[in-house]
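Worksheet: one structure, shown below.
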Amino acid sequence: MSEPSGLAEETRRLLELTSTATLTTQLFKRGLRNTFVQGVRRVTPGHGVMVGEAFTLRMIPAREDLDHPDMFTDRSHPQRRAIEECPPGAVLAIDCRKETRAGCLGDILCARLLERGVAGVVTDGAVRDLPQIEALPLPVYAAGGAAPASFGVHHAVDLNQPIACGDVAEFPGDVLVGDREGVVVIPRHLADEVARDAAEQEQLESWILNEVKAGKGIFGLYPPDAETRARYQAWRDGRRER
Amino acid sequence: MSEPSGLAEETRRLLELTSTATLTTQLFKRGLRNTFVQGVRRVTPGHGVMVGEAFTLRMIPAREDLDHPDMFTDRSHPQRRAIEECPPGAVLAIDCRKETRAGCLGDILCARLLERGVAGVVTDGAVRDLPQIEALPLPVYAAGGAAPASFGVHHAVDLNQPIACGDVAEFPGDVLVGDREGVVVIPRHLADEVARDAAEQEQLESWILNEVKAGKGIFGLYPPDAETRARYQAWRDGRRER
Amino acid sequence: MSEPSGLAEETRRLLELTSTATLTTQLFKRGLRNTFVQGVRRVTPGHGVMVGEAFTLRMIPAREDLDHPDMFTDRSHPQRRAIEECPPGAVLAIDCRKETRAGCLGDILCARLLERGVAGVVTDGAVRDLPQIEALPLPVYAAGGAAPASFGVHHAVDLNQPIACGDVAEFPGDVLVGDREGVVVIPRHLADEVARDAAEQEQLESWILNEVKAGKGIFGLYPPDAETRARYQAWRDGRRER
Amino acid sequence: MSEPSGLAEETRRLLELTSTATLTTQLFKRGLRNTFVQGVRRVTPGHGVMVGEAFTLRMIPAREDLDHPDMFTDRSHPQRRAIEECPPGAVLAIDCRKETRAGCLGDILCARLLERGVAGVVTDGAVRDLPQIEALPLPVYAAGGAAPASFGVHHAVDLNQPIACGDVAEFPGDVLVGDREGVVVIPRHLADEVARDAAEQEQLESWILNEVKAGKGIFGLYPPDAETRARYQAWRDGRRER
Amino acid sequence: MSEPSGLAEETRRLLELTSTATLTTQLFKRGLRNTFVQGVRRVTPGHGVMVGEAFTLRMIPAREDLDHPDMFTDRSHPQRRAIEECPPGAVLAIDCRKETRAGCLGDILCARLLERGVAGVVTDGAVRDLPQIEALPLPVYAAGGAAPASFGVHHAVDLNQPIACGDVAEFPGDVLVGDREGVVVIPRHLADEVARDAAEQEQLESWILNEVKAGKGIFGLYPPDAETRARYQAWRDGRRER
Amino acid sequence: MSEPSGLAEETRRLLELTSTATLTTQLFKRGLRNTFVQGVRRVTPGHGVMVGEAFTLRMIPAREDLDHPDMFTDRSHPQRRAIEECPPGAVLAIDCRKETRAGCLGDILCARLLERGVAGVVTDGAVRDLPQIEALPLPVYAAGGAAPASFGVHHAVDLNQPIACGDVAEFPGDVLVGDREGVVVIPRHLADEVARDAAEQEQLESWILNEVKAGKGIFGLYPPDAETRARYQAWRDGRRER
């Protein structure tokens, strides 16, 4: 089982400044086309960007003789262990097979994750106690809200194995970044370079957006041709001088 | 045709204090696994919890020779009768076969339901005039909003028969409870005991949530072991003494 | 290629006052049952009603050798041309085959459309940079938000051809009207008469809604019988006299 | 409850000679656009065309306390009553809400329907014991095969009420015609005239098909222009003379 | 990792004689409601019933840098290991997340499984080389056929872990039984008793079917009342005497 | 409008010998991952492989005032023109937006295509008169069969424009190859080299399959390592000498 090994502070800082849109473009340029978690939305509106390494929990369909409320007294139950073992600063990523008829987590468990300093939650299933969770300062991404508890639909199998989440592969330690658009999965070994290049791209596109707001047309500007690149470079140089 | 027979005041009061999440757990403990209406959301954000007995309306697909604007002049039309006959305090539950291409109700009919003291509306189809309905102090749950009128898609068949709504069975008189998460269906004969036990569970979980916020881990706490139960009992006893 | 030919000022004014619900009813009366764009929502909450003639862009699935970031340097690329050629006052309508895994437009292109005076955007696909787009005073309707850029999923083919959008036919020049409920497609030749009759219907239904709020029942009122129509006419005549 | 009232022998004979394709065209000409049961297939390959009046059975979702194997000992159970009460020559039409996780009928019940002279079965759900049913000389249309028994998924509610089946309205007594393409629903009052005109259309199209096979192009032939109609009439007259 | 431990010969023999329909009923009586693999069909028509213990292979979505044709040269690749390690008499069960855009196995690998004496294949994804596979005397169940190879869509992760397959939980060693209707999953510890009781039920229902064919009605017969049970018992006793 | 320009006889011959599975692998090696038409099946079982250049027809949703039986008398109607203009040896490819509620072609039009020497039909919609079409010696691929005529659901727009078909891009002139598994789209400029390399791959895999049938394991064999390649080469050389 691979242990999340710590994200460089600079990488984390840069990722907090970039949009998931920009990150998917950087990953596309590296040949990765399927990096955006499908079908989930941010269910806790405020509280900023989510950045953290994936700590995974895998669910399969429930079986009535195995899955019932009493099983949670078992301290080795993977769902409960996930709540206490997901490292501070990591993101709990849960494979629910896109099944939304039950919530895989509720407000008490989310409150505990928040207490423990976990960076966020991403699941392609549902959460329960949605009205209570919405108020927590914890980034939570889910495919919806559903009142029924997990054991009627899900059987928790294992921790920190590679999973599918919203039709994207997530390996333990992959860097998950979430803004209000959604969640992008960055393979662990690419995190530093993608963060750096994405921040660069953000700066250029922010300048381009200002040009557009100043009335410029997009041809030659977006994407920038040589002349535009020169103007941008001059602007950047000018800023640095200040 | 079963007539809704009045919900005990205490039961109604307790149900207004409990979340749909807690109610599904109480129903699960009684062997009922499929009680949460799938695929609907609260479309009128404010105005509190919905509690009421189901008064049902059933739709089948429209047939062009039967379904057109003129049919509404017929006072025996089931959709129009539903608006005037749904008892005050009851919930109008509409089976639209999860079809959302047309609205089964619009703002005028919702305003009339509100005038008549109806407790809310639940449909697995769409409503129309969504922007206007959003402003009404009436709990409305639907699978979405759609501008087209019902007669292009739906044919109203009958009132107060058992229906499917969001993949859940709803019998006339069943108690429907809705919060911002969604709607749970409580079989009529279970309403009193479920309300009582759910209120009990809410109180325990509220105490547990406070423990979590105070930094406690979930093992032994949630679900509570004997020691935790004893601490909870002591806390309750202490409160009562005050 | 048909050129949008200018919407009469009175027609535009009336359409801005009518709901999409009312417009679908007027179209239904003329035999058109499939006029409401399915599966899209207003992603930019504020900024009023959208009215404009359709300028269309058509996408087919991407092919890796044709679709990559570099292609946007080509000034004949249909997606980029759409941004600069969609007439002021028109609506850019994009056929994405209901595919939401990538955004067909992002914030820079939307900002440019806004600068150019375009009336809005409707797509049955996704947009990207949703958090940034939400802040723009431009009506945008989409099936969702997705971070990945268009070229991974879509190949832009042509401009101003008839398209499918949300399971509705859209011909260049058709009048698209959008409120918070969604978007209705009015065939170009019907725009004037539909606008006029819809405004008439709105006025009647507004009066009916007031009657309902005053406690009237719906039988004989909605739809109005002869007596109700007489009362309404009297009220109208009275208003005009003032 | 309307009682199926007997289909004229000539109507039945003509319907057995026409394809469902031709019947949908005749219904379309009468303004009925939604008459073909969606999502079902003929699961019993041989044994000819199915023609009969609809006898309906309606299912809603199962509830665990009501639906279990023991309930079938109750002789008033609607599913069991349907088997013994569906009239000979009628078609048993079952509304399963397009839910295919369980079979609504198995081989024993189908064998009994066959014994009783029932004309066929149509359901938008699944049947069970599919391998055994395939061998029966009984037209059966279903959305698939599923081993689990009905009571885990369906609760039988009532008989001979209007139902939805494959997104089409089916009223008791409507005439259901099935060939290897699928099932068309003919409103009872139109059966005679549709049967007559469809047979007429079949004869014309059969002649057109022969023309095509003889090398004729479709312009002027299909649909036939005046000259083609004259040639067809001459051919018909010639045949009659023989 | 649990090792499949050998199925009793008598249990295997009985399971080969029972239908999946009967097996789901026996499992339902033991409280297991979700045991039938959804969405798959037998793609190799002939060659009898499939019985064997599950040997599982799990797929997650592909990642372009990890999944390409060259990876198959790696002898530790889980998909290739599955082909050589699945025990004779076991069933290879593959979790493809119901994704059918690529085949998870083709004709060469199926031919190898056949050579090695594997009892069958079950996947909720697709197979490729379907026309060739159809001719193999190997029971194969899949959600469809798709020409593209697995590596464009799937990343093979691990062997003999619990999986989801067609919305059912499959644990290594569970007994998978497949007939032409589909596949049922029997938890390992229930296999012997379920096999025995199912065989018993088959015999009773076979007798009931004969009664129906002889013209008996279903009331009192199916399910059998006391008198019918007595008649059945007499018939059984009579047979044994012979 | 690009005119299909004739497929080299050798390319056609080789493509008739290769499976769609092999072709998708050759395209994948050239970076094309999305080449297999999703969701269609061969509805005319016999009559061999389909090879031909795409002649495309595009449908959008029907509009009641434009689409009705009478419009087919218009000789410029794109659907009718497609039947008479699709070149002999080409494949008629129809974009139906995966909509299967109506057939886009029936038996008379298919018979005419057969007469004219067209190589086949591919649509992501449905065909009608399926039972009659099944008997024609014409390869037809569709998502299903549906009795209703096209005009109730589809509006034919244009010919020989790029289309989407089963979630794959199809450009006029692309080479469509169909076997019993389905249909693969080969970009026109790659047809010759893909045909050649695919034939090569088929020969190797056919030899590998024989090795497997002779009891060889797959490691080192499939994919072949250096030693296996040498053995294969020796076998090929030996064959040539004969």
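All chains are identified by letter, namely A, B, C, D, E and F, in their written order; residue positions are counted from 1 within each chain.
In this section, contacts are C-beta pairs under 8 Å (C-beta built on N, C-alpha and C of every residue); 3 or more make two chains touch, one makes a residue touch a chain.
This one's a predicted model, so the numbers in the text were calculated from it and none came from an experiment.
Asker: Trace the shortest sequence of touching chains from subunit C to subunit D and report its length in steps.
Answerer: Contact-graph shortest path, subunit C to subunit D, evaluates to 2.
Asker: I want to confirm something about subunit E and subunit F. Since they are copies of the same sequence, is their interface symmetric in residue numbering (over half shared, so same) or not (under half, so different)?
Answerer: Answer different: the two copies use largely distinct residue numbers here.
Asker: Taking each chain's centre as its mean C-alpha position, how far apart are subunit D and subunit E in Å?
Answerer: Roughly 33 Å separates the two chain centres.
Asker: Taking the mean of the C-alpha atoms as each chain's centre, how many Å separate subunit A from subunit F?
Answerer: Subunit A and subunit F have C-alpha centres separated by 40 Å.
Asker: Using Cα averages as centroids, what's the distance between subunit B and subunit D in whole Å?
Answerer: Computed value for the inter-centroid distance: 37 Å.
Asker: Hunt down the residues of subunit E that sit against at least two other chains at once, touch-wise.
Answerer: Touching at least two other chains: 33.
Asker: Just say which it is for the chain contacts: an open line, a closed ring, a star, complete, or other.
Answerer: Graph shape, chains as nodes and touching pairs as edges: none of the named types, so other.
Asker: Which two-chain combinations qualify as touching?
Answerer: Touching chain pairs, listed by label, come out as A-B, A-C, A-E, B-C, B-D, C-F, D-E, D-F, E-F.
Asker: List the residues on subunit F that touch subunit D in their complex, please.
Answerer: 69-70, 72-73, 75, 80, 83-84, 101, 103, 106-109, 111-112, 115, 128-132, 145-149, 151-152
Asker: Which residues of subunit A touch subunit E in the complex?
Answerer: Its residues touching subunit E are 30-34, 60-65, 97, 99, 155, 157-158, 161-164, 167-170, 187.
Asker: Once bound in the complex, which stretches of subunit E touch subunit D?
Answerer: 19-21, 23-25, 28-29, 33, 35-36, 38, 179-182, 184, 205, 208-209, 212-213, 215, 217-219, 222-223, 225
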